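In C-alpha cells below, several structures.
You will see chain A twice below: alongside chain B first, and alongside chain C after that.
This part shows the complex of A and B:
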C-alpha cells in the first residue's frame, strides 16, 4: 500500500477512535463506577478502573429502588409509543407517498416542521390536551402525546418512495387495493426503515424524563425507570448504587441497539450509495 | 381470446398531448407491436389500455365491453413491466401466486395453475428462490409466468426485453413469440427496438409524437412505408433519406438521375433508398466514404453526400470496400421512394 494512502487511512482511524472514545467515555464511567466501592469512586486522583469489582451494587440497587416495577412501566410505555408511532407513521406516510389529495405538499411541509419544534415548547399544550381527555396521571396520558411523529412519517414516506412505482401498478392490476398493497408489499419492502423507526421510537420513549415527571403526578404506579433512578439515591453516599441503577436502565437499550444496528445503519444510509 | 379496440383515444398530460386521436384494432390472438422512439405515446397507449391512466377522450373496448372507465383489476389483463416489478421479498412461487391470492380461488387450483405457469417458462426448479438470486433472463421469465398464471384476455408488455443483454434478448424474444403463439392470447407489445418489432409482431403500429403513423404487417411497412418517418425508423439501418428533386417523373440527387417516379411532377422532394438497394457505380450521385462498419456477413459503408446527409450502402463481405475519404458514385439498384419534402408523406 503506498505510504500516502496508508497515512490517510491511519489519520482517519485516529479521528474515529478519538470521537468514539469521547462518546463512549460517559458510558465507561457509568459502568466502571457501578463496579467500584464508594471509597474508590470518591478517591483523588479519580480511579478509572475498578480494582476489585463489586457486583452486589446491581442487586442492591434493583431491590432497594424497586427497579423491576419502574422497568415494567417503562417497557409498557415505550412499547405502546413505539407501536403507535409505527402504525401512524406507516399510514400517514402511505398517504403522502401514494395518494393524491389537495395541499399535499403544504401539509407534508407542515408535518415535517413539527419535528423541528422542541418538546419543551409544546409541554403546556400537551398537558392541557391530556387534561381535556381526562387521562391525567394515567398510562394513556404518558403515551398519547407521542403516538405520532413528523420524523417517523418522513422516514417511512422516503422508504415508500424508493419502491418502484411499477410494483404498485402491478398490484393494482392484480386487484390489490391500497390497504392490501401497503401491508403485503410496501411494509415488507420498507422493513429496515420500520425497524429503524421502532428503535428510534423506543429509545426516545425510554429516555423520557420531563414528561413522565410532569404527567405521573402522585401516581407512583406509572413512574418510569428514569424517575426510578432518582429513587435509588442521588447522593454521594449512594453514588455506586445510582450508577448501577443507571446501568440497569441503559442495558435494555444497548441490547436493542445490538440487535437492530444493521437496520439502523441501512435505513440512515438508504439512497446514499448505489 | 379477445379483441382490443381504441376509438379516437387521446391523452393530455397537463396541457401536453401525449396521445392524439388513436384509433386501432388488435385482432383476437394477435401480437401487435407499438413501435416508436421515446415520447411517441406507445407506453401511454398501453397504460391507458391497462387502466393505469385515464383517457382524456375516446373509448377503449376489450371485446364488446367498454373498459374506458373500468378499474384495472376488472379488465382481465396482465402486464409485464420493463423492470419486471417482481416483489423481492417473495420467492418465485409466491410472486407467481400473488395475482391469484386475491382471486379467492381454491388452494388446489392456485397450486396447479402456479405449477403450470412455472413449467411453461421452465422455472419449476427455481420456484423457491428469491428474485435477487436470479439472472436477468430468469427474472424476466418470472414476470411472464406471473402474467400467464392469470389466464387473462389480453397480455400487455412494456419493453420487457430492454434490460437484457443482446444475446439474451434475442433468445428471450424467440421464447416470447413461441409462448404467445402457443397460448394464442391477444398481446400488445411496446418497444422502441425495430428489430424486436419486425421479428415478433403479427402487425406493427408505428407511432411518433403521440400520433399513429402507420399500422400493418412488418414486411408491408418495410416495403411500403406511408411516410419518411416510418421508412427511416424501420430497417437496420433505416432507409437512406436524402434531399432530391423530382422533374417530370425523374428523380435526381445532386443533379444526378437515380430513378423514375409514377408522379409526373416537378418539385423538391426527399428521396428514399434502402441500404441494400444502393451500390457503388461508375455513374450516380457522388458521396464521400466516412466509415466502413464490418458486421461479419455484411459491410455497411457509411458515406456523406455533397449536402452533408448520411447514406449507408450495404455490401456483401467479399465486395471491395472503398478507401475512407474517397469520393464515390452511388446508384440505385432497387425501388426508389419519393416523399414530400415538408410533410414527409410518401408520393411514390
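This part shows the complex of A and C:
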C-alpha cells in the first residue's frame, strides 16, 4: 500500500513540475538569454543553460541603453499612480460603504461602469485634454488620467463591507466619527485588500504601453522602461540587450508577486475574511 | 467572487447631514478623474466622429455628419480589422481560460511546496506586453533554435500572413494565463467546503467530482474570467507593435482594431476616423460582454 501511495504522490508532483516548466519557460528564456552572448542565444540546437554567464548585456543596457533613467521614470510614474489609486479608492469606497449621502446609488453605478470603458477607447480625446492642460509630454500627463479606478473602488468597498457589524456598533458607542473610524478601524482591518490593490495598481502602471507611447511624444527624458524596451526591441540582432532590459523590467514585479501572491488571490475570493 | 448580491449599497452607518457632505467630498477626487478622463473622452468620440480632420495639423476640421461612420462600415479594411480582432480573441481567451483552469485545479490540493507552484503558475501576470513580445520573438525566431529543435520549420513568423496573428495571440494568451489562474484559484477557494466534503463522503471519484461538482459550481468565475480575457485581448497592442518591428510592412495581417486606431491616429493623423474605430471597439467590448452574460447566465450555477 505505501508504495502505491508514494507512486501517486510522485505522479502528482511530476504533473505539477511539467506544467510549471511549460508556463515558466518564457520567463526562463528571458533570464537565461540575458546571461548569454548573441551567438549563444541563436545557437542551434538552443543552449538552455548559460554555461559561461556574461553580465555584459546588463552593463551595456545601462551605459548605452540609458536603462537607469528609464527605471527612474517608471518607478516615479508607477509609485505616483499606485498611491493615487489607493487614496482615491479608499476614500470613495469608504463613503459608499458607510456614509449616507445624496446621489449615492447613481454615483456608485457610474464609477463601476468605468470598467466597461477600456482606456484605449478614450485615448484620442485624452491626448487632446493633456495638451489643453499643458501637461502633454510631462510626468503629470503620464500619471493624472490613472489616479482612480473602478476596480479599486469596488475591491475596497467589498473589503469594508466584510468588516463585522459589531465593529462599527462598538465604534459608534465609543463616539467614533467617520474619520476616526476610517483610520482606526476600517483601513487597518482592510490591509490585505489595500496591499492587493497597490500591487495590481503598480503592476498595471509599470506595464503600461499605449499611453506612454503616445503621451511622451518627443520628450525622451520621461520615457518609461517599456518604451526603452520598445526602442531596442523588434529585432533579434539586439536580443541580448532587450532580454537584459526585460529582466530588469520584470524583476521588481516578480519580487512583489512572490510576497503578495496570496493577497492577490485572497482579495478576489468571495469570503475575503476566510 | 460574488458580484451580484453586493452591488446594492448597504445600510449606512454614518447618516447625519454633516456626514452627507463628507461622503460627497470623499467620492469627489475619483469622480473628477472619471469625468475628465473616462466619460468626457468617451462621449467626445461621438462628436469627433462627425468631423473630418484637416490633412495638415492646426487647420480647422470640417463637419461631415455621419459620413465617416458609413465610410468605416463600408470599408474592407475595417471588417478585416474586426476579423483579425475576433481571431485574436478566439485564440487568446480559450487558451488562457483552459490553461488557467488546469493550473488552478492542479494547485488546489494539499501538498508540500504547493505555494511555490502557485507562484510559478501566476508568474506570467507580471510580464508586460513589451517583455512578453521580445521573449517570444527569441523563441519563435527562425534565427534561434527553439522551434527547429522541436521539428517546426517556419518562415519568419511575424512577417508571415498566416502565422503572424496567431503568434501574437499566443503571446497574449501566455500573459493572460497567469491572471486567469489567479481569478480561477480565488473562485475555487470560495467554493463552499460542505458540498465538496459531502461529495467526497458519497464516494465520487476525483474525476466525477471535478466535472459534476467543481466545474458547475465554478462556472460563474469561469465566465467572469472569460469576460476579463476578452477585454484583455481587445486591448493587446504592445505585443503587436513590438513584434511587427520597425518595418511595419506586415501590419495588414495583424491590423486588429486597437492597432488600426493607433495607425489612424499616429501615422495618418485621421482623428475623426480613429474616433469612429474607437466607438466600434467599445461597441464590440459591450456586445461580447452582454452576449456572454446572456449565454452563460442560463447555464451558470450561482452558488450564493
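Some observations on this one:
Simple rule for what comes next: the second predicted complex is superposed on the first by the 233 of 274 C-alpha atoms of A that agree within 3 Å, B and C clash if a C-alpha of one lies under 4 Å from a C-alpha of the other, contacts with A are read in each partner's own complex, and residues count from 1 in each chain.
Rule of thumb we're sticking to: a contact is a pair of C-beta atoms (placed from the backbone, for glycine too) under 8 Å apart; a residue touches a chain by one contact, two chains touch by 3 or more.
As the structure is a computational prediction, the values presented were derived from the model and not from experiment.
Residue contacts after overlaying the shared chain place A:144 against chain C, while chain B stays out of touching range.
In the superposed model, A:172 makes contact with both chain B and chain C. By the touch criterion defined above, A:164 lies against chain B but remains apart from chain C after alignment on the C-alpha atoms of chain A. Of the two partner chains placed around the shared chain by superposition, chain B is the only one that A:180 touches, whereas chain C remains out of contact. Looking at the shared chain after the overlay, A:2 reaches neither chain B nor chain C. By the touch criterion stated above, A:116 is placed in contact with chain C alone, chain B being left untouched. Between chain B and chain C, C touches the greater number of residues of chain A. Residues 172 of chain A contact both chain B in one complex and chain C in the other. In the complex of the two chains, the chain A residues touching chain B come out as 164, 166-167, 169-176, 180, 185, 188-189, 191. If you check the complex, the residues on chain B that touch chain A are 50-52, 72-73, 77-79, 81-85, 87-89, 98-99, 102-103, 146, 150.
Taken in their complex, chain C has these residues touching chain A: 1-2, 6-7, 9-10, 12-15, 19-24, 26-27, 29-31, 33-34, 36-42, 44-45, 48, 99, 102-103, 106-107, 109, 111, 115, 117-139, 141, 143-146, 148-149, 174, 177-178, 182-183, 185-187, 189-190, 231, 234-235, 237-238, 241-246, 258, 261-262, 265-266, 271, 274-275, 278-279, 281-282, 285-286, 289, 304. Within the complex formed with chain C, the chain A residues making contact are 9, 12-13, 15-16, 19-20, 23-27, 29-30, 33, 41-46, 87-89, 91-92, 94-102, 104-105, 107-108, 110-112, 114, 116-129, 144-145, 147-148, 150, 153, 158, 161, 168, 172, 177-179, 181, 203, 206-207, 209-210, 213-214, 226, 229-230, 233-236, 239, 242-243, 246, 249-250, 253-254, 256-258, 261-262, 264-271, 274.
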